[in-house]
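All remarks here apply to the structure that follows.
Residue numbering begins at 1 within each chain, and the chains themselves are lettered A, B, C and D in the order written.
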Amino acid sequence: MKKALVIGVGPLNGLGGQLCKKIAQNNFEVFVAGRTKISVDKVVDSIVQDGNKAKPIIVDSTDENQVKSMMDEVGSGLDFAIYNVGNNTPGKIIDMDPSYFRDSWESCCFGGFLFAKEVINVFLNESTSGTLLFTGASASLRGKANFGAFNSAKGALRNLAQALAKEYAENLIHVGHVIIDGGLAGEKIQQRVSDFDQRVKDGRLMDIDSVTDAYMFLYNQNKNAWTFELDIRTSKEKW
Amino acid sequence: MKKALVIGVGPLNGLGGQLCKKIAQNNFEVFVAGRTKISVDKVVDSIVQDGNKAKPIIVDSTDENQVKSMMDEVGSGLDFAIYNVGNNTPGKIIDMDPSYFRDSWESCCFGGFLFAKEVINVFLNESTSGTLLFTGASASLRGKANFGAFNSAKGALRNLAQALAKEYAENLIHVGHVIIDGGLAGEKIQQRVSDFDQRVKDGRLMDIDSVTDAYMFLYNQNKNAWTFELDIRTSKEKW
Amino acid sequence: MKKALVIGVGPLNGLGGQLCKKIAQNNFEVFVAGRTKISVDKVVDSIVQDGNKAKPIIVDSTDENQVKSMMDEVGSGLDFAIYNVGNNTPGKIIDMDPSYFRDSWESCCFGGFLFAKEVINVFLNESTSGTLLFTGASASLRGKANFGAFNSAKGALRNLAQALAKEYAENLIHVGHVIIDGGLAGEKIQQRVSDFDQRVKDGRLMDIDSVTDAYMFLYNQNKNAWTFELDIRTSKEKW
Amino acid sequence: MKKALVIGVGPLNGLGGQLCKKIAQNNFEVFVAGRTKISVDKVVDSIVQDGNKAKPIIVDSTDENQVKSMMDEVGSGLDFAIYNVGNNTPGKIIDMDPSYFRDSWESCCFGGFLFAKEVINVFLNESTSGTLLFTGASASLRGKANFGAFNSAKGALRNLAQALAKEYAENLIHVGHVIIDGGLAGEKIQQRVSDFDQRVKDGRLMDIDSVTDAYMFLYNQNKNAWTFELDIRTSKEKW
């Protein structure tokens, strides 16, 4: 049984949680990695109750040692890895605390670097032609007023992902970047907006199950037809 | 049974031919549209021999009346349409005959406009939330020396496709654009290069069957998780 | 005295007219090319009254023979050429007459091809390291609902310009593309909107004199520091 | 006399040094900010010897307190600020020390955030419609094998700059981003390559004096015709 590792897992009905569920249904042993034990455990329990395999890892993605320990826990057999860390960080630059700007980059990009370095080294050491995917956003592509921190951090991650895709293609490692353009119909937005149900009904929030299909699609591509990047949005999204 | 229409079908083992085959295998009646009767018939025969449904249409995609007649032949029930017309047109601008530059645009872009107009009108008239896909290329994204005609024509098509995606999203019509970056392992390249087999063996040409999976993936997305654009290339492609 | 040629000249206070004025002030003999004699003559008269040199050329930029005749009229000594043809062409694709879509491309892109081919051949024949600039728009970069025709045509021109820039750099011909993002404070918009004066006062329309400075800036760059593309907008423009 | 501040000044004949010289010639008092006292002093001396005004500031651009102290030294009257910090940081991701990746971001992007925050606050407090420019690179636009750290850091800076441009346009603050595509004919490359003179002779390195003209051009634009971004390269550069 092949192993998959998803880092950046929060609520069960969020993107990270649903990625774990979907991948487990596709016959992987899934390592569910996140900062919050209660969330991670919930995802693992749900997968195990489905009769599939999952293990929890509590980890701060921006801490090199913790990332290395995580890789040790995963052990050999890794074939699919997803970096899904990083929340939106709104705010005007003139009011922004430098630590806030830095933290945004640490979680969106620096953690992605640490993760990529370890994952690719595992793939290379085991001669695995694995897949490494990153979660991006419309913010990855341009700057926008009031979102300077997030735009900058996501832009940093995208260029890193593109460099990785080119750098390790010769080793048959598939690196991809999924541009999530808009809100997801998951717990994060549910807790932030009062009209969540209406938004879902109107089709203004992305269906997470469908989004996870895109990650599986990328994983299943063979080396003669790889996609680096695709965008995803609802039919209601203005872009 | 839903209907699909693919325009720009040449050799059976080319992208257009294989799109028809793949779509027919997914329980569509496929209308196989191209300029050359012998090629179109071969694709139709192959599909019918598989036990699936297909009909030939001989059409010049740049002729408005022929495009309209084609739509009449297809009739009601269309749910999936692909514009796959347009060959690479190399050459330096200073040496280029204006008719050559124009023809490149006519086949890559103007035919795409005629096709889109008719297809979307059918979707709207039948209240169908159909899918309309365009075949793009790396040329769609930028200009390059010696490829001015093709770059220009493909850039024109891409901006048209993006406008369509935004214009008809509210009608639940999914418009997508597939960036084919590099050569395909089909008859066109086979006839042009002497080391075709070696290139296939080396993984330097795209596996067409895998490429057609990307079109099916886009078709199968639901309205809450649409992709407008994805790129495809082999692991060997420099980009 | 060096010669300049600007094609796509309309009202004196429009971009084409003001480009001619500015270039003439910089000691060029300017060939003022446009479709409408009365407009072209007005620009020429204004330049001559300033004590500078200008000649009128009445030309349809989409007609190869007329473009060639224009080049004969200009004769030797051309060093600076600008393609400024092409109006916005709004409209939904499903309602659009094919001739409207085609005309948009003919004026925005095909005329640009004819012009570029002739201008670059003159530069090459005279071993001139001349400058060839194109007027672009935000439409050059992406598609947008209701502007499919214009987006497509301008996207086509941009990729052509980029191919030209790369193709003739070795001949020391500088090709550039100016992205005009928004409305200009000239006669075209003056005739279209009722609150023109208010828009100018609010700084919502671009100052054309300042825009022409950008073209002169590109002309004056030396071969060791060329710009292919720059964008221009007012401080009020949302982008 | 207006004040200008350039941070990221190294050798006199480098981009930072020559920006200071050029700006001083345009009647600014220039604050020359860099890490290395000997380099900064050389630039200041050269400006003063020309009869123009300059003051040295020794500063680590990634240290918030030092950046704040720098702004105190500059005092009121600032109208033009340039962030020119950040060296190329080659290397494969799998071999890269995390501190190397982090340092690349700190100098290219985090310092740019600290600088922008302070500069824009000064502009706002003094109701100055000042100009803030960033030095970018082709790396700002995409990832490339072996340059993941630099690509990521420069991509982060570009998205930040674009957010700033949009965020403070309403305050009439002009933010711009200059894409330097290729090597500059300055001391940095001179010390790195053995055939520097030949490269200069061949026109393969950018003329720094011409590059600084682009920064002055951006500064001189009025609010009704601002450029956010332009690219610069030699006629010999492949792109």
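Heads up, the rule we're going with is that a contact is a pair of C-beta atoms (placed from the backbone, for glycine too) under 8 Å apart; a residue touches a chain by one contact, two chains touch by 3 or more.
Small disclaimer: the values here were computed from a predicted structure and weren't measured.
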_Both-way neighbours, i.e. chains that touch subunit B and touch subunit A_ = none
*Starting from the mean Cα coordinates of subunit C and subunit D, work out the distance between those two points in Å.*
32
*CA centre of subunit A versus CA centre of subunit C: separation in Å?*
45
*Hey, what residues on subunit A touch two or more of the other chains?*
166
*asked:* So with touch defined the way it is at the top, what topology do the chains form here? Options are line, ring, star, complete, other.
replied: ring
_Under the stated contact criterion, what part of subunit C meets subunit D in this complex?_
166, 169-170, 172, 174, 185, 203, 205-207, 210-211, 213-214, 217, 220-239
*Touching subunit C in the complex: which residues of subunit B?*
64, 92-94, 96, 98, 101-102, 105, 109-110, 113-114, 116-117, 120-121, 124, 139, 142-148, 151-167
